[in-house]
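Here come two complexes built around chain A, the first alongside chain B, the second alongside chain C.
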Partner chain A sequence: MNDKTKTKTSSISKDKKIEKLVFWLFLAPALFSFLMVQIIPFMIGIYYSFTNWSATAQISIDFVGMKNYFDAFQDPSFLYATIITSIYTFMNIILVNIIAFSLALLVTSNLKGKNIYRAGFFLPNIIGGIILGYIWQFIFNQFVPKLAAAVGFTYLSENLMLGNSNTAILALVIVSTWQYAGYIMMIYVAALQNVPKDLLEAAQIDGASAWQRFRNVTIPLVAPAFTVTLFLTLVNSFKQFDVNASLTNGGPSTMFMGKAIKGTTLLAMNINDTSIISLNTAQAQAKAIVFFLVLVTFSLIQVYVSKKREVEL
Partner chain B sequence: MFKNANNKIIARNISEVMTFTVMIMFLVPLFLVLINAAKTNNEIISAPLSLPTDWSVLIKNITTIWSNPNLRYSQALVNSFVITTFSLMGITIFSAMAAWVLLRTKTKLSTAILMLFIAAMVIPFQVVMFPLVKWFGIFQSITGIQMLRSYTGIIIAYIGFGSSLSIFMFHGFMKSIPHEIEEAAYVDGCGKFKTFFLIVLPILKPIYVTILILNGIWIWNDFLLPMLVLGKGTPVQTLPLAVNNFAGAFLVSWDLMMTAILMALVPIIVFFLAAQKHIIKGMVEGSVK
Partner chain C sequence: MKKIIVFISMLLVLVSLTACAPKEAEQVVITFKQNKPEIDDALQAYAKAYEAATGVKVNAVSCGGGSCTLGDMLKADYAAGEMPDIFPIDGPDSYKQWEAIIADLSGEDWVDETSVEYVVDGKVVGFPVAVEGWGMAYNADLLAKAGIDPKTLTNYAAYMDAFVKLDGMKAELGIDSVVSMTAGPGMYWVTAHHNFNSLLSNGLEYNDLTVANNILAGNIDDTRLNEYADWVDLLFKYADKTVLTTGNYDSQVGAFLNQKAVFLHQGNWVDGNLTDATFKMAFAPHGSSTSDTDGIFVSAPAWYVVNKDSKNYQAALDFLNALVYSDLGQKYMVEDAGMIPAFGNISLQPKGQLSQSVQAWTAEGKVYSWNQYLFAGEFRDNVLGPIYDQLAQGAVTADEFKALLKTALMEAK
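Let's look at the complex of A and B:
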């Protein structure tokens, strides 16, 4: 009897041991890579933002306190990048969502080729930003001037859109919209398909016009999707780098606070430039942490908004 | 009544034609790449809108690009393919394994680890990219394992960055698998390994496809991570890096540039046409979660 309990408890503890072993064994590969590339660099990065870390060879990395953060906020190129990123993001949110929603309405109406249309509008989204940027560089530099000349639009036939920082930002918005609208469209499509048909029919029988049905039945039911799409466009526009790099490479230059700076450099690119061109990696790191905090704020607002919406429902 | 039905058909045809036209206009940039890849540079500059007169120029341009020493297209294609494939294998299997033990082990530690993986999704690449390169440098000087400019380093990086979302999605999906299936397998004498690889893994197939697509398209198109971990102009270059290098030197020769773009587009577009339903569904699911 005594013997039996003994073997039983030892087999249970053996089972526990195996379970623990399996737990760590299964977790190890993912956890190792995760720590290697996200957690450890994140920690190092926070520390380095308070040092004089530079991209050039240096003897020692010394603690300098908040210096990089103060310097970052006094750097005209960073302030300019913040302003221009906000403008770009705002225009992008509006344009992407208007176009995506209109396309979604088109491809959910009763059309024969709707699956082909959906795929067609979605296609640009699977092409990488670097490649997209070069395609559009060709369009803005070669195609648009010729087309503008043919239709007699002299401003565009005489000026390159990428040659002036204001129109170049607009060009960035156009390309991002082209890239992103099909993707956001599909989220709206999913939402539109979930609107119950009988509800729309009931409204029609009650004498509601097409516009009234759209305004009072469809829109309220699709509203939760707007939270998702608005924040998706917000975060993705804010983080834009690839198209920026290949379409304008941050240029052309413009004057800001009495300094000549690159006129279409968005925040992500400004962080890159600070380390790769100015070789001030510690300041780039400080800027990146500010960038991170802004994104965390966006996420928290999104969670708050969706939670609130759930409560209301 | 009859007239009304007739009007409806006409209205539908009009919107069919309209949508079709909008789509064609939407895709004009891609047609422009195709037609201009089949021209000489002079033809492009004088008439970027016209159709090519001689399609054999396309073949000539493709051969030029294929053997161009700046672009090293075939090598970049193989590199992109190898890096994407191995990263995807790592991400899906390791994330599924991790998600499974994190779900089935109910301890504070496992919850904390899961939370850490999920919380890391909000970390933008910009915050970790420079320290990552520094850390990889330190790591390779300590262990002797080549991390920078190597397949090993970039594949580990993709597994690490891909794991957060993948574990989150696997974990969510696994919650819906009844525990009884695994218990039955366990009673039948299946060990943990057998239970996972023979019972759980096959059930994961639908979510597996979604995770493969989400990560695959990201990795294939990614630019910043390979630029930092592999470096520009080093022996191992991915397709986006190669096109970027090429553009640095050849942006004035639009004929070659258009051909290089066309050749970089072909693999991903073929993949899209072959699996577009899965791709669209997968990418949309990934966003909403």
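Let's look at the complex of A and C:
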């Protein structure tokens, strides 16, 4: 630092102040909308979960303490939804990522027309989940049985995929993989293209086999992408609603704790049912808060674990 | 230069804001929400005609079917302070939700013209939207071909014989199954709402609630329950498995329309989907009992209620009156929307064959009431629906189904 800059400090601090003001002014609209449509409704939601709020014409909203939370945990359908959502999420994370990564490897190799493949694999992601659900409903109900009958695979022609809750969950996994794998693939493609060629060549010169290059160079370098994709698939599978609603509508039923219960109702749909069918808006709100906490916990653990595996170049 | 731009843009914002403000004298506008998307075209045309005739603008909104849930919309409207002036309720569940703002309509003229108005504690609060009925819709041509007289179909044994006979003539009649029935996800209203009502009201006097009240009190008539469960089992056994377990409304009604099934377990609202039908059809009673039950289930499916806090309360009442007493309103309800009028002074007839069948049964007085509304929607959708679904999938036997049904009913509230 020389003398010249010292004399300028006062004007710099004034510039800084204006800069700060401009910064906050530019931020203000975004901050304002974030506050209005995210933070405040979220706080109100937390408040409602402790009351008997019904969202309809009622005389007063009374504070009921933890009642909604206790009721939610005693509801077998909520317990079942939590279990089935965890199973669904687990299967979905594995399947989506394996398929997406394989596709990414395929479309980054020296394949002819790979851009067409990239677009093609990505396309299902652009179709809305509701429409997708109806299309696949037709495939599972009409096409699969006929195809199975034609090739002589009688199990599938006599038992409909959507007619039994175990296979219906599988059907959900298939459809959401079909929808989501292309999107995740794009993230892997970007990561794979960023793997420096010189490192791979250096490894090759050192005598590493194709598998060793893949295992010890490519995989560690795309680890940051795994953090992102695992996070995205985890959160998206957990929040699954639209395909669930249009493909299986929460059914078919199954037996759970001695009672017939809707067999493919995932958590988001269970919350929706609590509000729409049971007309218990406050309890639905409490379930949503529990859902939020579970999701945050799972995703923080996942990000923490995945981050540890990343390497810096 | 910059300042000028800022000034001009502020001016523009101001001008556009004032442009939004109403200029002309206040026109009376009533907001009318209803839950039958299939009659929306007719309704919009009527709203225009009504405005031309009376000067009152009707802001008519239809919300229903798979894409829109009226209950949600009303909650949002209420939260926004824009509760409609007229909206429908479909039973005790939705009445309780809006009880605080529903007006007492006992003094209205139309009350004397109908027998299916919504009454709470002696007060008339709901204007019947229409009359609807369900039973076993049958394809009269196919039954004639098989030599079965629909008039004999009044009890379990008669249905059993008819089903066995029809099942043996599948190839001859070109059908896939005898009955078009659904019990899968999203269709629980067919089983747990409509079919369930056979247990509660079939064969009883109109509005006789003894069976329903006994169940709610924990006294279950085992004979009646067993006969009913046999009836459900019979329907499922002779239904197409794909339609039964995974079908939706379209596939169920489609099978009947394409003459792939002789019977359809639905109500007269399917008329709108059956305009292309080339065969004769009508309703037969349900066979949920070994003794004769000669009648079908008829009532109002929903009632319009008036928001008592409405600024345009009188205009809302006038709107409802015009439906009953003006030629325009009558024509809209019966001819354009195809509904069966719930009012005695209206002589027009709907065109649909099944609607006419409902009218014929009503004229003979052979009707049973809808008592399923005594059970909460949650109970029917979340508890009963999955039980029927289990039987439909073949996951439980008929006896297990009876046991599950009984346990559930014992816990019914």
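We take it that the second predicted complex is superposed on the first by the 257 of 313 C-alpha atoms of A that agree within 3 Å, B and C clash if a C-alpha of one lies under 4 Å from a C-alpha of the other, contacts with A are read in each partner's own complex, and residues count from 1 in each chain.
In the analysis below, contacts are C-beta pairs under 8 Å (C-beta built on N, C-alpha and C of every residue); 3 or more make two chains touch, one makes a residue touch a chain.
Since this is a predicted model, take the numbers as computed values, not measurements.
In the superposed pair of complexes, A:213 makes contact with neither chain B nor chain C.
Residue contacts after overlaying the shared chain place A:252 against chain C, while chain B stays out of touching range.
Looking at the superposed arrangement, the partner reaching more residues of chain A, out of chain B and chain C, is B.
In the superposition on chain A, A:59 contacts chain C only, with no contact to chain B. In the superposed model, A:45 makes contact with chain B only, not with chain C. Common to the chain B and chain C contact sets on chain A are residues 137, 281. Only residues 54-59, 77, 137, 140-141, 145, 160, 162-164, 248-255, 259-264, 273, 276-279, 281 of chain A touch chain C when the two sit together in their complex.
Note for the complex: chain C touches chain A at residues 69, 71-72, 74-75, 78-79, 93, 97-101, 184-186, 188, 241-242, 245-248, 377-378, 381-383, 385-387, 389-390, 393, 395-396, 404, 408. The part of chain A that touches chain B in the complex is made up of residues 18-19, 22-23, 26-27, 29-31, 33-42, 44-45, 48, 103, 106-107, 109-113, 116-131, 134-139, 142-143, 146-147, 150, 178, 183, 186-187, 190, 228, 232, 239, 241-242, 245-246, 268, 271-272, 275, 281, 284-285, 288-289, 291-292, 295-296, 299. Within the complex, the chain B residues that touch chain A are 12, 15-16, 18-20, 22-23, 26-27, 29-30, 32-33, 36, 44-45, 47-49, 90, 94-95, 97-98, 100-102, 105, 110, 113, 116-117, 120, 122-132, 134-135, 139, 156-157, 159-161, 163-164, 167, 192-193, 196, 217, 220-224, 240, 243-244, 247, 251, 254, 257-258, 261, 264-265, 268-269, 272, 276, 279-280, 283-284, 287-288.
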